[in-house]
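If you scroll down you'll find the structure; I have some questions about it.
For clarity, chains are labelled A, B, C and D in written order, and residue numbers in each chain start from 1.
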């Protein structure tokens, strides 16, 4: 593959065919993602997709880029390591609601505050898909599941509100039933310098019979045209309105990434020329 | 000890003398805590204090109640287990900013949404005290520490904003330099039915020379008298104002705890009389 | 008395069809008075790929999976492709001619057309019910009244409405009728034992039932294949017994909550698999140090790392024994079949409570997904084991939570019950619970904690083996553990029948602390010891070597699928 | 040539005073041309409790801590109380009569008044500088020019301003003068070796320097006692070499980030201790499965659980070897002294990179907080080891990231460098990296991964022991590991001197994979093997038993403090 020929959508598909159930929302996520990669002409050899465990964690297998399928809940810190190691790479992390808000929930605030320059695709289906239907952190109160056979007893987390509270520097929300919007959001997220998170609702047609394409279609709505992406508080207010599922870029901010700050550090610390400079301090 | 004699503050102190450095903010936390216990006449035998690891994690040793000193970052789920096991116990979890917002940060959202009826005392000193002075999740940008010898490269998390975003059902903020206010806050938090969290700034006089009693005194201020504790969004706005450190009860909400919902479940599931009822389903 | 055995495998496209066909069939055959052994595999992916269900029905003990089958029912060509080689030379292929293309590989083996699709269409107007057609046909093969199948299908599809029930029952009827006409010769003259008081369960269900029987009243959990069904079972059933099953955000929180609940006086159990157990390591150590009883069922799967979540392997033994930093006591157990899953779980909880230690029960994916009909457990006279509690009038001044007793077990007060407030801590502590790092105290408390294991080890002797006495004059012995029990037992029977060589078999259920005295006795007369394990490195063999200085012959299989008796016969014969 | 040794212990209230006195003194004595061995203890709590600093200066090798001291300098009564029993019968107590009340326990031993408080007040007008008075006095005892101490104090207190420096230098001077008058008799006729090219470092510093020398360029970290100083060192020094040290929110994130960076082509190292290593278990397994090189320095502390964070113990060995679910390859190493901490870290990183495996280096709290002066490492001719990379023009169609090679090592492309995109996954996978759970593939890939360990094991032989040849006709041997090296070596010298019995000593630095051939050779002539370890259960002994079917005599010490040579002499003599 040479870099001076434009890459097409097909160039981003790997040889493996997605093994998601037919009708799974995740098809509606990966297609616009391929399109966005083509739109920005991402170089496969310079692109790394890191995932956690779950149906959504299968994502990188289907992309013709470098891929890393790590352990459950650790996509973000693993991806952070890739990016800090080599800031020239384009890094994407992807995982499900269980992966990213349950077991991995503790890592999100910290990549946000480091403002690691990567894109996080949080694929939410309000269920544990791969393990076949247990409650997840976004399962609504009272929803039944294999681990809540009578009713779910917990209130769901509010992922969007959390991302805003963590001060992610780019926060957007999408829906796999609206792939065109998604392509746009992916493109913007990938271009953003800093940590960008996309909360995407993507129905699980096999395991979740309660939050579905049908119920989602009723509440999905684009953000108003005049939406001010610099108003974090307004974004929070919107996020607290759980009756409507607004899609679009909610918030965007430009501030230094840890990579830039680390670059500065090399100067600040005072460069040594050789090991002997270090040894000398201990004579 | 008999329960019909009123318990005094001294009754809540254990035989172990606190081993914190002299001048440590944590003395200003534990004293009003004893007072609050006396105020509500907590029964030592029905009270369990669970802590993580850190200087602040030593808290339960100094209280004449049941105490559990677990591993780093797991005070909340451990305490949750105690409370779910026996909802008649009064349960308090306590730990530092590293313990609760770093390694244990992933658990907070989930005790909030379970609305476990307990009190969480988050003792924040913007440093890792016990391990002698490394950066913590609340260390301000640029603050130097043993792991940030040139400058800290990360923005701090905003604990108050996070707790509000997680929808903790009682959120308050205090300062160990104002123990009277703290006593009041502890009393209210302990009485609240549901998950109550107290974010307390408590300077580390030995390891943190940058956020100190002095710098805190300049920015601490009580919430306005007419503060509306039912307005979560307003609370968020206030939390985002990091120039002032408002103390008081920021937010309070009354909604069912998981304990009540679990009680309901016993009914809903249909009670069996004996093992045979279960075996019968598998014949 | 000669026993009869019939092994049937159904293969088809992944998804529920094949599995529910197999499940209903199993139950019908069990009710029909045979001992069954049912196993399934499915792809790790949610959809697509091959699913298979294998049912063995026998009037003798049906202890293990069999590699070769009497009947292969191939619903599609992939199934034929994958499994044709497994049909015994005197076996039969049942196949749908519309989907399966026979080739050379069938060789001289018999085949019988079973036009599932056509029959389903004819009987119900749709292809959808073809799994039930297969079921009806296989009922006939096992000579089980078709009514059994229809009743069970009625229950199975009940929630989906009468039409669905009727359609499926029609399909069963049609399959059955077809089979009576075309397959009569497959039937065997089984000696049935009808009307037994039995239940049909898999290893996961047996463990979960064992937990309830053991009086477990708090179950924190986090889903992980292949242990998830234990937690799901308990989410459904535990509330009916007044207990609580609560899902947490990860395994760390789950075990931490379990320890909290144990500290608060509950009997606690959780279930997980390799990656989850890994995350529990730090907290497990805390349980040992604070002496909070807790039981973990670890359903082993193919490793390492995420590995092969839907495959079986006996590879977490060393991790279970050594998987914590520093040195703390712990008991490791391994049930040897479905029935034992129930009883060893009951026993595990008892041991945890009595000794105030963590207990890990190692089952595996094969046990978890194998069903057998077992005698309904009778809990009369079963000791559940109580935690040692201090008398209510104990003097708090002199009370020591971690008293240095002879067997290491110290009285544990319960918050809310005892007026004996104490600190439970992961730091090294005095008998009173105060942090203390002096050499003398560390030595005292380490010894106290380990003395519990010695005390337990002494008691284990009487209970942990399968055969009370080895055959006279035996020179060859096998030590196995866990789910290989059935295959080893059948292999030994076969070898004795084939060669006349007698082989002794020890299958400890408590793997650590080792039942030393018993093992020494077993090793006594042996010239050869064989240790078969479903792992790559020979974990139990290495453990035995470390303890007894022996050099066993090791048989390793790390294929993701269990040993079959046939395989073991071959491997063992080579060593005789 | 007779060698001379002087062991001085300073004891006082917790906090910085005692420690900084000891640190400056150590450096001055080292510059003065002696070999030093300096050890410290402090309470786990931030303040309060007793702190002690022990300095051994010698013109021979100063390999170990000593239990008994020539000079005890008791700053307060608590120090006298705790340590008076450790003074040798011909030793001396230096004490401040204003604070220390002498009693019977001193027995016939000499004492010399050292009125620290009074001297400090007289010389500086405050009590504060009394630690420096002690330092000055001890300089005189070691016969080191007072200027050395004053210069070092100048550097130490430099940032606090000239007044502080002057005050402390005055105190040193005063202490020195006092000592010259009152303590001349304590001095020994050392044969000094001045002007050596040496550095004075502790085990943590040596490991951290080793990491830099090894070309490590990414260090994720999370603080934990006693490993924190390694990370702090690297936060300070790594940027000066263009590397990055980044703190994460916990050990899980830290190791995950490390693996990400390793995948991206960096040389990665992190440091932790027991509880942190526990949390890394799942991710460590991922590193093995994805074959991402990574090095972990695990500084062992007293366990289990939170245990005794500031005390030492060799109790994480089994966990390091077996601490992951399933079966995956890993290399476990243990440096034997400070110098070795440097070199084994360099070697660990090389092994990790070459074999694409995780390497765990086990040091301990005793090594971490022991300082020695060592020759400045010379890196000329040292092979740092490169990861196997595919040629840039490799054909992506046929390229296999996990190619099944003879030694199991496969070429690893780097994102951004190679146009060889592949999937790195914790699932079992084909040589190409695609998930695959078939028996044949699992067998192939498991064998491939373990073959790396076999290849490594074969190479280990030549390098992992201390003595190339055992003495002729020896019948008693000792196998040790890690930080006990110094104490064992000195004990053997003592025993040979006392009894004439020759004792062989093997001290492998690579503990797993075991250097089998070498150990067999060592065991050959032995009638008795002794394995001393600082743990309760005899972890390495058990490991050796499992591999070689031997029955060593085990000496266990789990006291939180290291073996002393004296102790070992006693224990070993009992077994002769």
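Worth pointing out:
By our rule, a contact is a pair of C-beta atoms (placed from the backbone, for glycine too) under 8 Å apart; a residue touches a chain by one contact, two chains touch by 3 or more.
Keep in mind the model is a prediction, meaning the values are calculated, not measured.
In this assembly, D is the chain whose CA centroid lies farthest from the centroid of chain A. More C-beta pairs in contact connect the chains of B-C than those of the other pair, out of B-C and B-D. Centres computed as Cα averages put chain B at a distance of 42 Å from chain C. Chain A and chain C have centres, each the mean of its CA atoms, that are 38 Å apart. Here the CA centre of chain A is 30 Å from the CA centre of chain B. Residues of chain B in contact with two or more other chains: 69, 71, 102-103, 105-107, 109-110, 137, 149-150, 258, 262, 265, 268-269. Each of residues 236, 239, 249-250, 275, 282, 286, 290, 305-306, 425-427, 435 in chain D touches at least two other chains.
Against chain B, the residues of chain A that register as touching in their complex are 101-107, 109-110, 113-115, 137, 149-151, 153-158, 161-162, 164-167, 232-233, 236-237, 240, 255, 258, 261-262, 265, 268-269.
Interface of chain A with chain D (complex): residues 1, 16, 44-48, 50, 60-61, 64-71, 74, 76-86, 88-89, 106-107, 109-110, 258, 262, 265-266, 268-272, 275-279, 282-283. The residues of chain C lying in touch with chain B in their complex are 198-201, 205, 209, 212-213, 218, 220, 236-237, 239-242, 244, 246, 248-250, 252-254, 256-266, 282-283, 286, 290, 376-377, 379, 415-427, 434-435.
Residues of chain D that touch chain B in their complex: 45-48, 221-225, 228, 231-232, 235-236, 239, 245, 247, 249-251, 275, 305-306. Listed in rising order, the residues of chain A touching chain C in the complex are 19-22, 53, 55, 69, 71-73, 102-103, 105, 128-132, 134-135, 137, 146-150, 206.
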